Amino acid sequence: MTEKKKTYIEDIERTLYDIKDEDRSVYKAHSGLTEDVVRDISTRKHEPQWMLDFRLKSLDVYNSLELPTWGPSLDELHMDDIVTYVQPDAKMTGSWEEVPEDIKDTFDRLGIPEAEKTSLGGVGAQYDSEVVYHSIQEDMVKQGVIYTDMETAVREHEDIVKEYFMTLVPPKDHKFAALHGAVWSGGSFVYVPAGVHVEMPLQSYFRLNAAGAGQFEHTLIIVEPGASLHFIEGCSAPKHNVTNLHAGCVELFVKDGARLRYSTIENWSRNMMNLNTKRALVEKDGIIEWVSGSFGSHISCLYPCSVLHGENARCEFTGVTFASKGQNLDTGASVIHAAPHTSANINTRTISKAGGMATYRSAVKVTKNAPFAKCSVNCESLMLDNLSRSDTLPVMDIEGDEADIGHEAKIGRISDEAIFYLTSRGIDEEEARAMIVRGFVEPIAKELPLEYALEMNNLVNIELEGTIG
Amino acid sequence: MAEKLLEIKDLHAGVEDKEILKGLNLSVNKGEVHVILGPNGSGKSTLMNIIMGHPKYQVTSGTMEFEGEDMSGLKTFERARKGLFLSFQTPEEIPGITVENMIRTAKQTITGDKVKLVPFRKELKAQMQELKMKPEYAQRYMNVGFSGGEKKRNEILQLLMLQPKLALLDETDSGLDVDAVQIVSEGVAKFHNENNSCLIITHNTRILEKLKVDKVHVLMNGQIVEEGGAELIEDINSRGFTHILDAQNEAK
Amino acid sequence: MDDKIFSEIPMRTWRWLGVNEARVPENLSDNVKKQQILVEAGQKDEVVLVNREGSQLEVQVHIADGGELHLVNAQLVPADTAVTSRVKVYVGKGAKFSYTTVEAGARHTAAELTVDMAGDDSVSDIWGLYFGDGESKIDLNYVIRQKGRRTDANMQVRGALLGKSEKIFRGTLDFLEGSKGSVGRENEEVVLLSPQVRNRSVPVMLSHEDDVDGHHAVSVGKIDEGKLFYLMSRGLDMADAQRLIVEASFNPVIDRINDEALKEEIDKVLMGRLVNG
């Protein structure tokens, strides 16, 4: 019999993610949030006046709003200690050769340049507050596809940005949306013209290296009528002893008959407060597909929202959350049916272990304007021990009578009989548990791009070592 | 001289405080087919689970040997790797694990060798065809949404693919229609040869039609109370179990 | 006074959904009816409470080890009246609490049910029915806390909404640490019968114990058209067919009431309003 690995969560192999680079930033804003900091960021970015005004107005809103009264406690977040802007010593470039060696090494380890060669149509890479690399295949450009960092977009595609920027997630939405409006930096801008199908996915990777910093990238995607796109977002950070904050914002505009798939594997380190806001506006016959994996961070509040605004608009949400020791992951989805014949499917799996807390939170709203709305929600939770917590809190709010809404949730543990069945076939207990957990998340894994599915499997394996023995 | 495969001596075992097997003796040689008969609640399924090492049951005394080796310290998966196989009365549904993945993983752990995908798939497909299972079932999740008959066929498929030394068949034929029993019994007959053995719990004689039964044991109240050849099946079928109990009481 | 909170959901969520708290209804009478029910160890009892006037009902129930209680709580107050009901239940070891509740009247009703399944092997079997029409508001908050080992909780709620009625149903199964081997089931089925209704359903499941088996489900929608068509093909008109289907969904709750006269009274109220709605 082979000796069992006794890995504990503290010693988990996160080497790949945990290598911190030396902090060689050329500029850091003062910690805390003041008007000076906001003005400073805007000046450094050479922004037009309207954007500075937008930032300052957002700051006012931020100061006037209270923290949410629900969800995980945010007591550990001290905004006065957070550095909102960290400019790396690198200029945005379209060639990996020009990316400084140590930063390039980081992305090499994460496999980004390699993936670009084999399976992606374009790549963006953000390091701390600024995007350091952006590139897209030539033929995409010829078809009019724009994929660039947000700063460039503000300069070169000002009209489009002005029309859409933070209209779907207005700063007054909640305190962290306001914060984002005031100090946003970096992120990706994608514009797909009508009828264009982007065959290979575009991927933006966000890496936060500096300790005690915040990352506030803004992602704005517009998919014009009849067009389609698969966008992948990856995030990670090395572990620091101080709290880092991520308050990104994603705004997706899916026009008539367009289709957008937005995949995320989030693996922030365990000192991260991940308070991210993602929203999609879907027009007639449009489809938004979310694939969302939440593995990292200390605290997460993440509920991608789909506003089904046009007739027949559709949302498919697939999510997996794995909360381990020291993690409180509050995740889910919301859907607003605002037009007739809109439909949504929400399918999630949550796992909690070693004292981790996982919450599934959702809202399904059917407005008066949405007769024949259809929505089905299925969420399953698996608890691997009784130190952990798993909560499910869905709300359905339906106006009118022409709706068909179903919700189902399950909570439980790995059954002893399933373990016995697998071990009776010669599979050892540890592997049997891992197989069952992998099987549990399989419906989600199969929605992910292959390399991400593999990464997710690795993460599940890493997380599971230490559950037995 | 026949080679001993399984030897159980004076086995006492049960669950929590309740003793279910009360001094059971059983011996199976290589190449033999044994049948266990007994009324409901006599401990037949418990015996199968205990041979396979189900953690829910405790062995309080007695010995179990497989190929002359004491099994008491062995975990379930170690017993499987030594060549034991249990066809479950109610096979578990395991979402997310495909039939193919399940059998391939099991085969790999049992043989200790990497199982190459292409030849494995070919063999799996052939065996499934014999069991009249649709090929797409290889990619379906283990027993999820399978009918009773499909679940049992899936058990026999694993039996054929994993080629154990001793097959424990716990009412593999129960709840099946005539055709399904036919398919399942052909599968078992195909599996059996002079190098392996079967220990079968059944209420149905049809599964035995294609097999030469070497020995029949009657299990009542946690003990083997009567042993004999294939003719004992006929006897029980026509007269039931009570006369055996009466005969026993008389002897006392 | 109007804004006073009557009952709170065990875990808060987004404010814009308006489900975090149930408020004290407007124009609630000061008339408080208190009731204490004690079921001694090993005893079996049935208590029927019928509210026909619109008071504040406060019930405390203690079921000692091995005891059994079936509590019927029928709210049949006039359609222009406000009413509240608060029921707190302690369930001892091996004890069983059966609850059948009908919310059939009132302009505004708020009801809270809290069941503490403190004893090992305790059972609770909760069946509720609500019916909203006109401009009625129904605001419900049921919580079952499973503390003992091997507890078994079942919460089944059926409802129908007509007119411009609004309803919030919060149903919580809370598996506390130590509730090993417990099972919990919760199911709400709502039939929507008018384009002006608003239905909010909040099935909450909280777990601090891995060795549990929890399941909840909600279904909200119109009357099944297949069923309607089937009945109409047998000669029933639309209204009759609808009534029959709604009645069928209510029956599992109403059938639990042993008092035939009360059963008839409830049936009359519900069916009368269903026809007028």
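Each chain carries a letter (A, B and C) given by its place in the written order, and its residues are counted from 1.
Just so it is clear, contacts are C-beta pairs under 8 Å (C-beta built on N, C-alpha and C of every residue); 3 or more make two chains touch, one makes a residue touch a chain.
No experiment lies behind these values; they were computed from the predicted model shown.
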Graph distance between chain B and chain C, where chains that touch are linked: 2
Most extensive contact between chains (C-beta pair count): A-C
Chain closest to the assembly centre - both centres taken as Cα means: A
Maximum centroid distance from chain C, chain identifier (CA atoms): B
Where chain A and chain B are represented by their mean Cα positions, the distance between them in whole Å: 49
Inter-chain centre distance, chain A versus chain C - centres from mean C-alpha coordinates, in Å: 39
Contacts with two or more other chains, residues of chain C listed in rising order: none
In chain A, residues with contacts to at least two other chains: none
Residues of chain C touching chain A in the complex: 11-15, 17, 19-20, 161, 175, 177, 180, 192-222
Touching residues (chain side chain A, partner chain B) in the complex: 1, 415-418, 420-429, 431-432, 435-436, 438-443
In the complex with chain C, residue positions of chain A that touch it: 69-71, 361, 363, 365, 368, 371, 381, 383-386, 388-413
In the complex with chain A, residue positions of chain B that touch it: 52, 54-56, 75-81, 84-86, 88, 91-92, 94-97, 102, 105-106, 109-110, 141, 158, 162
